[in-house]
Amino acid sequence: MDALLTIASAAATASATGDGLALGITEGGSWLLRNVWLIPLLPALSFIGILFFGKKMPRGGSELGIAAVGIAFVLALLTGIAWVDHRDSFHGDEVHVAVVQLDDHGVAHGDDHGAGHEPGHPSLAVHRTATWFQTNGVEFTVGTLVDGLAVMMLLVVTLVSLLVHVYSTDYVHGDRRYTHFFAFLSLFSASMLLLVVSENTLQLLCAWELVGVCSFALIGHWWEEKPNSDAALKAFLTNRVGDMGLLVGVTVLFFAAGSALPDRFGSFSIAETNALANSGALSHTTLVVAASCLMAAVMSKSGQFFLHTWLPDAMAGPTPVSALIHAATMVVAGVFMIARMYGVFFEGFQIGGSSINLMAFIGGLTTIVGALLAFVQRDIKKVLAYSTISQLGYMVLALGVGAWTAAVFHLFTHAFFKACLFLGSGSVSHAVHSFDMKSDMGGLRKDMPHTYRTFMIGTVALAGLPPLAGFWSKDEILVGTGGWGLMGGTGGNGAYTLMLGMGMLTAALTAAYMTRCVYLTFFGEFRGHGEPHESGPRITGPLWILAGLAVVAGFFNMPKGFQLAPGSLQERFGHFVEPVAGYFPAISHATPSWSLAIVSTLVVIGGIAASGWYYFVKVEAASKAAGTSLTELPDGPTTKYPLARMGHTLLSNKYYLDHFYNGVVADGTKGPLARMANRINQDVIDRTVDVVGETAVKAGTVVYEKIDQLVVDGAVDASGRGASGAGEELRKINSGKVQSYAAILFAAATVLAGILIVLV
Amino acid sequence: MLLNQFLILSAVLFSIGVYGVLARRNGVLVLMSIELILNAVNINLVAFGAFRASVGGEVFALFVIAVAAAEVGVGLAMVLLLYRNRRSIDLTLIDQLRG
Amino acid sequence: MENLLDGWGITLATFSPLVGAAVMMLIPREREDQHKLIALVTSLWVAFVGVLLLIQFDLDHTDRLQFGVDKVWIDVISSRFSVGIDGMSLPLILLTMLIVPLCIIYSWNHFPDPVNPKAFLILILILETGMIGTFVAQDLVLFFVFFEVVLLPMFFMIAVWGGEDRRYASLKFFLYTLFGSALMLVSFLALFFLTGAETFSIAGLSEAVAAGGVSRTAQLWIFGGMFLGFGIKVPMFPFHTWLPDAHTQAPTVGSVILAAVLLKLGTYGFIRIAIPVLPDAAVTWAPWIGLLAVVGIIYGALGCLAQTDVKRLIAFSSVAHMGFVMLGIATLTDFGINAAIMGMVAHGLITGMLFFLAGSMKERYHTLEISRLGGLLVQAPRMGWIFGFCVMASLGLPGLAGFWGEFPAILSAYNPANGVPIETFRTYMVIAALGTVLAAGYLLWLLQRTAFGNPPAEFADDPAITDTTRHEWIAWAPILALIVAIGIYPNLIFRVSDGAVDASLSDCLTVDAHQLTDEEVEALGCSDVYRLGEVTGHDDDHGDDHAEETNEHAAAGN
Amino acid sequence: MSTLAALADMDRLTSGEALVAQNVAFAVMAITMIVSALRMVTTRNVVHAALYLVVVLSGVAGIFILLGAEFVGVTQVMVYIGAIVVLFLFGIMLTKGSFGDDDGVSGERRLMAGLVGLLVFGVMTAALVDSFADAELDRSAPSTTAEIADSIFSAYIVPFEAVSVLLLAALIGAIVVARRD
């Protein structure tokens, strides 16, 4: 295990011709790309401003928040334009880093991982750092890493955040904590923007926790009611469980990277870690451990099965918060992290050339589990929450099968149509003062035409019917599984046929539950009280913008070889967003397939038809017969078939996961374990201290007075009890209970085995 | 890794399973305890397979999983029958084996 | 100015409070305003001297003892008045100098029963002398004297101004600490006699031990004695039971000083004395220290979940937080000990702040029973938000100070020093990470029960429940600002402590490299090449260090 | 050489690192499994018991993966957690309606069971320690799915068929026993 050091040049002194590992990043680039830190800074400043002066402002600080996020959005747009220019035409120096090369195991081989990473190749990410702090003589940096992914996220976050800000001025108008609400929206935007431009994992971790705490504060916005604060606590604690994985994963990667870089103690740098993972300089075991730990964080943040239970409860927060945080941005932080650390995940889970792995499996499971749960909800926001879980599962599945661009593209389109749906549900609840679809909604299409139309657009986009946004991204994911063998649609990173099946099933389920949701909300007759009316322009405006994006967002990435679009419009998104540089693994891309697109569309139509037949035909007819607006058939399948009833019970109880977390984990810790610890404290340790003193005094007396009697009496008593006890035991043996026989059987067999062991 | 750490873990689980079978009155719980025992056996099989570098252990573990599935099916059916006949699944009520 | 500070700065800072206390003793008890004024001015003066020291402090050589004084003190036992400040002690000294005036401001108008500001403030000033003295002492006898000076004022503070159970709590505190001190003293004496170095100076003893004067067994025993002495003060599981009682019964200001500074005396003792003097023994003990640390983390957290009283809960959380500090120390790495220093400062600020808040709540509600509280945010919104902020800081939210004590400690546990069992510490790391989840659990639970919801009926219309007063703002604002400042820019502490820690550890680690057996090397996965290189490198380094140190000593002596 | 580089060097050996990671993983899983198993056989709530069983079964799957038997591990998750536990939950739902507590168990029975359990454990442990005191597991070559498939359909074809028949028999048997006449 002799370590041969080959040192070329340190990262700090990058040279265009330097050998060593190419990181795919550059310290050059245009002013805008080097100064993206301005974008998170703006909302951060507005947070401080609103916090200290918000109450005194004429509009309670909301104007400050909108201005800051608005400017941030403009900056993000400019940055996007700068990136488009930079992507293809930048020819500056690429940063190289020296790597420890291990000769005999053949694991590390420096820079032979080519795939077009020759020096000066276009699409170098723009990297900029400053010293944050130093300990142990090691400098820890803070900085920005700007590539297509970061730019895309900047755009999505600032845009959705801006729309949500505008929407909120109407939605939470007159709220008891209007100013606080906007302060935390600003803080959240700042943290999220910081997260997406993070240059190292430590910074990522910090931003990750900060968005978590904003989520906590906003879920618990109306903390006077206990269920809200309970939901906030649950969200925070569930995320903490995952964060534990993040802490450990980041630590493992830090030292692993340090061991592969000569003269470095460790490295948090995302680019370095990924590039090292790609080059094979990190041992597979390390990567598996790190990737699994990080996966735990993804599972909690992005609501993957079985850490997803906080997300539906998080709907206790105001609806704009649900749209911004729990649909479009924060919950995709997990997906973003996988995309960001893809080198580690790709190598760790060995995504290439496999047919199943942990990430794809969890994603696939989540997407189905979430979709099924969406069927039994009464609360419109919970339907959307479970739908979000399901769609996040889709993204994780896509990343798990190596369809990186498809996953990120789905993140992009999903942000628009899901935010549109959430804000739509908010608009509805604004009108009927409730979220309950069954008792307080129905027939709203006539009263709320704008909301109805935008909600329908969002629904169709989510269901994935062409040509709306969801169709394109969903189709890419299905193609990316590489499991479709018909008519040339293969390729990809492996044959994930199971994942293809899971994706197809979910497509049908999604179409079906959204049909149910639309029927219950907008069709039939109004079941609530009062006169619902359409919301104002500050609510419908953002709705129409998002609906428009839900229509057109899909065209950004039309598949390669798609005959109906000009070649210059094909795969634009992938071209500008997917890195080709050293910190990104060499993934292979699947070939699109007409047959798969047609089949998946048919599946979606099937889902709509099945659900539509039940609601629009059967339930509608039953409603006419009964004279009221029904929400389900009086003699539906759950009353007819016990199996369906059981399934319904299981789903209504959310697979008993909450029983498990609350009853077993939380109560187990808070109850027996904590009580035990406390009792040990009071009765054992503390007692010992007290007793030591008392004992010294009493010892003499005890010895003198009691020992005789105890010994004598005790002996007599014991022998008497022994005799009668034996008889009792013998009688019990013959009592005829099966378990007694079993006990004797076990005992006798064991004794015989013991004898055997001793003898042999 | 030592072979024994797996074997002893398996022994612990096995013994806990035995305790469950003997101590609990609820039929379903007894079945669960049996699952625990079977799992302990599986750990043994796989550990020995790994020790001997043979796939035999894993193959038999798979068989055991299949048999366990069958066992649970029949066992639960019996518990259901018991429940239907006596409105209880307390095993201590079955004392017709008394000699 | 410069010369004055060099020779007298530390002495001035250490003994000014005593002078102030002496003046106050001469003034009759009834003139309360004068007492308050004198105490405040004295403590502010000390803080001012502290700022001057900070300005003069050479940040590029934090590993050197600065402003050193080395005078003959008790010649009979070769003990000298030897003081100095380096990067390890500076943050803690400044913390002390900050907390004391804030405590005096906080208690300005509401002294606990029986009021008597004269006695109360005199005790606080004596405490300040003891605390600063402990942090600057470079001689074991001097250290011990200051360590004990702290004990008595605290005892009286709890016993006189405490809650209902104050007798029991104060006696427990006193006996526990005295027991630890006794063992510590025995250890110091053993060092003195076994090395035969005829000195109590820390540096001198460290050299004598490194030269091989003390057998390995003896070193282990001596370290054990110090371990108990410092461990009780920290407090480490299972010697922590004095802490909840002392905290619960002590007056608010007492709790704050106890949490913010007194607990740090123990951890400071570890990094200043125990480890540099006895590095070999430290390596052997490290797994056990680490074990007790992680047990403390989990156990403290579980204890918190079972508490019904706000103050008691915060006290138990101290056990958990100091567990992180001790875990960092137990790794014996530069990184870990830096984390520990950061953890001490952060814990001092945050937990001190939480005790302030608990005191203010008690004043308003006259109870700290969690089940009776609620709706703090409704009745006193500002205070509620500050409480929420401190809870977030305490559970280790990045961007606030607490995180930088916790995360680096976890990080360092992944990769402890040579000779410390790496597998064991990685297990500790996972357990400690679990502790962060539990910490979030109990702190948020506390926040939910006390701050959220609507106020309970018994307090709903209580006019006594007001929002934060001006005195409270003045006392709290600096702490809150520091929590944020350190959280955003942790280099404020790391920059100061790093060099000193590195220098004090360099002996410890390289000495250890000699002792690795072949099997250990194999198990750790170090290559032979590396080990040889390390040994030769060490010899050179050590020689240089040695020469430098002697030079410095000579200079300091003059 | 500085202490810094010394620290950086420490992590260089991959095999040592792997061993640590595995042992930590094993310890964490083993403790979780044992605690959950104990809670499973002692908890009064049957649904909780089933959920504890899930924890134990997941742990077993983890142990399999640790032993290099990934296929068995995945099967374990799918069959046990996916199918058998759900079956148990149905069983609980069907037999009691509510998910109340299991009736108390008498102390003497628990004592007896505990003694037998300890006896079993003692004898097994003694035998194991006696026989395999220092046996090391060599994890150089984890078995692949292909190998397992090959041996099932060649060497173990007869048992495989027998299991198939057994499953069929169990299916029919379960229907016959549970059918409402």
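Think of it as A, B, C and D in the order they're written, each chain with its own count starting at 1.
The definition used in the following text is that a contact is a pair of C-beta atoms (placed from the backbone, for glycine too) under 8 Å apart; a residue touches a chain by one contact, two chains touch by 3 or more.
Just so you know, these numbers come straight off a predicted model, no measurement behind them.
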Message: Just to be sure I understand the contacts, which chains border both subunit D and subunit A?
response: B, C
Message: Per the definition at the top, count C-beta pairs in contact and tell me whether B-D or A-B has more.
response: B-D
Task: Compute the distance, rounded to whole Å, between the mean C-alpha positions of subunit B and subunit D.
output: 10
- line: subunit A and subunit B have mean C-alpha positions lying a whole-number Å distance apart equal to 36
Query: Hey, how far is the Cα centre of subunit B from the one of subunit C, in Å?
result: 53
Field: Averaged-CA centre spacing for the pair subunit D and subunit C, given as whole angstrom
entry: 46
Task: Return the residues of subunit B touching two or more other chains; collapse runs of consecutive numbers into ranges.
output: 18, 21-23
- request: Note the residues in subunit D that touch 2 or more other chains, in rising order.
  value: 2, 4, 7, 9, 11-14, 17, 19, 21-23, 90, 109, 112-113, 116, 120
Query: Which subunit A residues touch at least two other chains?
result: 1, 3, 136-137, 255, 265, 739, 743, 746
Message: Strictly by the criterion at the top, what is the full list of touching chain pairs?
response: A-B, A-C, A-D, B-D, C-D
Task: Enumerate the contact residues on subunit B facing subunit D in the complex.
output: 1-9, 11-29, 31-33, 35-36, 39, 42-43, 46-47, 49-51, 53, 55-59, 61-63, 65-74, 76-81, 83-84, 89-90
Statement: The answer for subunit D against subunit C in the complex is residues 1-4, 6-7, 9-17, 19-21, 23-24, 27-28
For the subunit D and subunit A complex, residues of the former touching the latter: 2, 4-5, 7-9, 11-14, 17-18, 21-22, 25, 39, 45, 47-48, 51-52, 54, 74, 86, 89-90, 93, 108-109, 112-113, 115-116, 119-120, 123, 126-127, 130
Field: subunit C-touching residues of subunit A, taken from the complex the two chains share
entry: 1-3, 131-137, 205-207, 209-210, 213, 216, 220, 223-226, 229-230, 233, 236-237, 240-241, 243-244, 247-248, 251-252, 254-255, 265, 666, 669-670, 673-678, 680-681, 685-686, 689
- prompt: What part of subunit B is in contact with subunit A in the complex they form?
  reply: 18, 21-23, 91-92, 94-99
